[in-house]
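Going by the order they are written in, the chains are A, B and C; count residues from 1 in each one.
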Amino acid sequence: MTTVSETAVRTTPVTGAASEAVLAVRDLRIRDEVNDRMIVRGVSFELTPGKVVGIVGESGSGKTLTCRAALGILPAHFAVSGGSIEITGRDIAALTPAQWVGLRGGTVSAVFQDPASYLNPSIRVGAQIAEVILVKLGLGRRAARHRALELLAAVHLRQPALVYDQYPFELSGGMLQRVLIAAAIAADPKVLIADEATTALDVTVQAEILDLLADLRERTGLALVVVSHDLAVVAQLCDEVLVMHAGEVVEHGPTARVLYEPRHDYTRLLIAGHEEYGLERFLDSPEVDGVR
Amino acid sequence: MAVTVADHPFTYVRRAGVATARARRVAGRTAAIAARSVAIFVPVFVVATFVTFSLRALSGLSPARIQLGEDATPAAIHNIEHEWGLDRPFLAQYWTWLDGVLHGRLGDSWANGASISELIRDGLAISLSVAGLALLIGVVLGFGLGTLAALRHTTWIDRGITGFTTVISVMPPFVVGILLVEVFAVGLRWFPSGGYVPAAAGVGPWLAHITLPALALSFDTVSDVARQLRAGLIAAYRENYVTGAVVRGLSPRRIFFRHVLRNGAGPALTVLGLRFPVLIGGSVVTEWVFGLQGFGRFANDSAQRGDVPAVQGVLVVSIVLVVAFNLIVNVVLGRVAPASQRGV
Amino acid sequence: MLRLRSARVAVGILVLIALLAALGSVLAPQDPLAGGADTLAGVSGRHWLGTDYLGRDVFSRLLAGSRVSVLGSVEVALIALVLGTIPGVLSVYLSRVFEWLTLRLADTLVALPFLIFAVSVTALLGNGITQAMFTVGVLVSPLFYRVARAATLPVARSQYVEAAMISGASTGWIVRRHVWAKVLPPVAVALAHTIGVGFIVVSSLTFLGIGVQPPAPTWGGLLASDLGYLDFQPYAPIAPVLLIVATVWGCNLLADAIRDVSGQEGRALLNSGRARANRVLAEGEGR
């Protein structure tokens, strides 16, 4: 674990042993009130600092709704009908909108698929990052700009000063996702949810983004929830995997165990499908033991 | 933040260069927009002036008729026309006139020989006061109502405002003017029913005289702006970048003012730009209703009198006003919402 | 479309107005031009809406005046339709020069304040409502140009038209078969809306005394004289105002109804092409 300077660097171990859970989802159930259907039926997992949990499943499996519930942005007509979510120990059911505003960005944050659409097309990207710092950390404009530039460098963007002044339409998908990650971590959250964050990107860029996330997790103890339909993405980064199918968790366990000894048919199906595309290079590498 | 400069050094030296490059780019973009508007204006100007100039020849009108009446002898007519230079070749007349226009001289009125530029200038002072206030009312009320309707989307407030704007939009300015006069001037006697007092003589009376006409003129604009803004804001709220901002922990108020409004206001601002010609056109009737001796009234009177150079001057000034205003709107749009300039 | 209640209301209003226009002078109980001694009278059994300052029956004048308004509005709309739609569709198929020229022309025409131009042209070319309406029609035609062009672009470059072209269909056939269907609904919307606009313009012009010589009755003209006698007959403007407002509202309702209906039916086709159409349109406009 590298320490870079005496300023706020987290020194918690990568797989936090006796740390308090930063995100605890217990038997979460989400209901579609319009059609009166249960969409998510009992999801449970815990995140401690530095831990990475992956959620795998196809479209409609309920993984995105789970994330949205954890962020408090469930669409209209969807509601948590059972179970609980706790962020740093606080039950989110009791939160007011104002409290949510405080929690988001500073404690829990997210990046999504299609990075271009999640940035305001009329404002330069640097200003959008600086805005988060300005509002959440209370810094002045110059200090916020300085920090924003640091963040752009931290997400491995070359020429941060140049990128700072670009509009979203002037940047590529990979660069935009880095910008979004920078904005997401600007206020030092404890949890970052990455919902299909690499799906819209080229394979090479995808690998770079995943490396970046691993890097951030190592250096700052950021806890991650990585959601994907792609098992390879999850295999590369996660300590623990949940496999979801039709709203239920069909498999849950350490990554190595799930991949080597799948217990559920659906998991086996996923793995079999992926083996055609080269998952095996992850299966035999030494990194998948949970110790990096 | 866990990462510091020591980790990932970058140069500050570039900052100054980036700033000037940025300023230059902004200036360039603005200049491009301005240039494009001017480029469209030039052919318009030439064609329109040529057409209006030809109309005189087509109409067979002449100052002689105005000044001498119906029973003028051909010799007298010929004399007067010669005096006015109307027996010169057509293109020569056009060139002289155009040359004068480009130097700000719009010629003299056939009716009384007065300088048209002066007459128009006097009239414009009144018309622009009214139009300016109308625009202000249009923007303030339009934005207010549009925002309210969008924020309280699907509630009765939204439905009420939409109904109200629909009603307003079908009422022509002179109808509204008449109604306002009836209710507020004749009925309640809160406002004078006509006439004008220049601001120099007192802001209070000045406002009292221009409020009703400005209100009448503005209804169309209020309705359009409110409708466009409402639609634009509702659409903007559905965009992913709002979710992005929410997830970063920005407050709803900040999201509205800095993100949603900026992008949602595009269509409303565009509509505003398109309203200005209508405002000028509308002044023709409102000035009649409220007895204002403004630009529109002058246009109307000159037209009815057959005072061709005055009419030509009116048309030229109208074009210039509209183009200038559109230029301003385009530049503002370019700065506030560059996305809309790219047809996004 | 007549399933929509709003459409039924709109059509109802408009048909009524059209009937008034056609049969107004016949239906009028009194001669609209005949004055009398009983000036500025109130509502009575003989004069349903009272009389004006010359003793003429207001109701009859209103009925007789509907013709000018309706004819003028329709004239504006038809001129704008023809002058705008044809170049609009053609601009997609003819040369780039034509496209550029018509685009720029549309841009400039839109910028001109049509009331002032109408007033000016009428003054210069004779005090007839036709000249004025022609001018307004020309100035409003850019709307039809834009609408027709925007509807034609996605079709012209869509894949099923490419397929038709490959299998040997001529451009004329394609235009008739495919483009027409796509262009018709938005043009119909624009037409309904423009008739409403035309109504406002006619009322405004006749209000100013342009286009029709008194004593011929017009709705605008009625309002103008009402204005002079407001102290005596404060409620006089209500009838012509209601008529004008109802007609314009009917036109707008009709336009919205057409838009809703065509939107629903055409939505599946439109949606796939819309994003592309927007981009193409933006490119074509050089913005």
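Please note the rule applied: a contact is a pair of C-beta atoms (placed from the backbone, for glycine too) under 8 Å apart; a residue touches a chain by one contact, two chains touch by 3 or more.
Treat the numbers as computed from the prediction; the structure is a model and nothing was measured.
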| item | value |
| --- | --- |
| Chain occupying the middle, per Cα centroid | B |
| Distance-maximising chain from subunit C - centres being C-alpha averages | A |
| Centre distance in Å when subunit A and subunit C are each reduced to the mean of their C-alpha atoms | 56 |
| Rounded Å distance between subunit A and subunit B, as computed from the means of their C-alpha atoms | 50 |
| Separation of mean Cα positions, subunit C and subunit B [Å, integer] | 23 |
| Residues of subunit B touching at least two other chains | 342, 344 |
| Sites on subunit B touched by subunit A in the complex | 1-8, 10-11, 14-15, 18, 22, 239-241, 243-252, 254, 258-259, 262-263, 336-339, 342, 344 |
| Contact set on subunit B toward subunit C in their complex | 40, 43-44, 47-48, 52, 55-56, 58-59, 61, 166-167, 169-175, 178-179, 181-182, 186-187, 274, 277-278, 280-282, 284-285, 288-289, 296, 299-300, 302-306, 308, 311, 314-315, 318-319, 322-323, 326, 341-344 |
| Subunit B contact footprint on subunit A (complex, rising order) | 4-5, 7-10, 71, 73, 97, 101-106, 109-110, 112, 114, 117-123, 131-132, 135-136, 147, 149-151, 153-154, 159-162, 164-165, 167, 169, 180, 183-184, 186-188, 219-220 |
| Subunit B contact footprint on subunit C (complex, rising order) | 104, 107-108, 110-117, 119-126, 196, 200, 203-204, 207-210, 220, 223, 226-227, 230-231, 234, 237, 241, 244-245, 248-249, 252, 278-279, 281-283, 285, 287 |
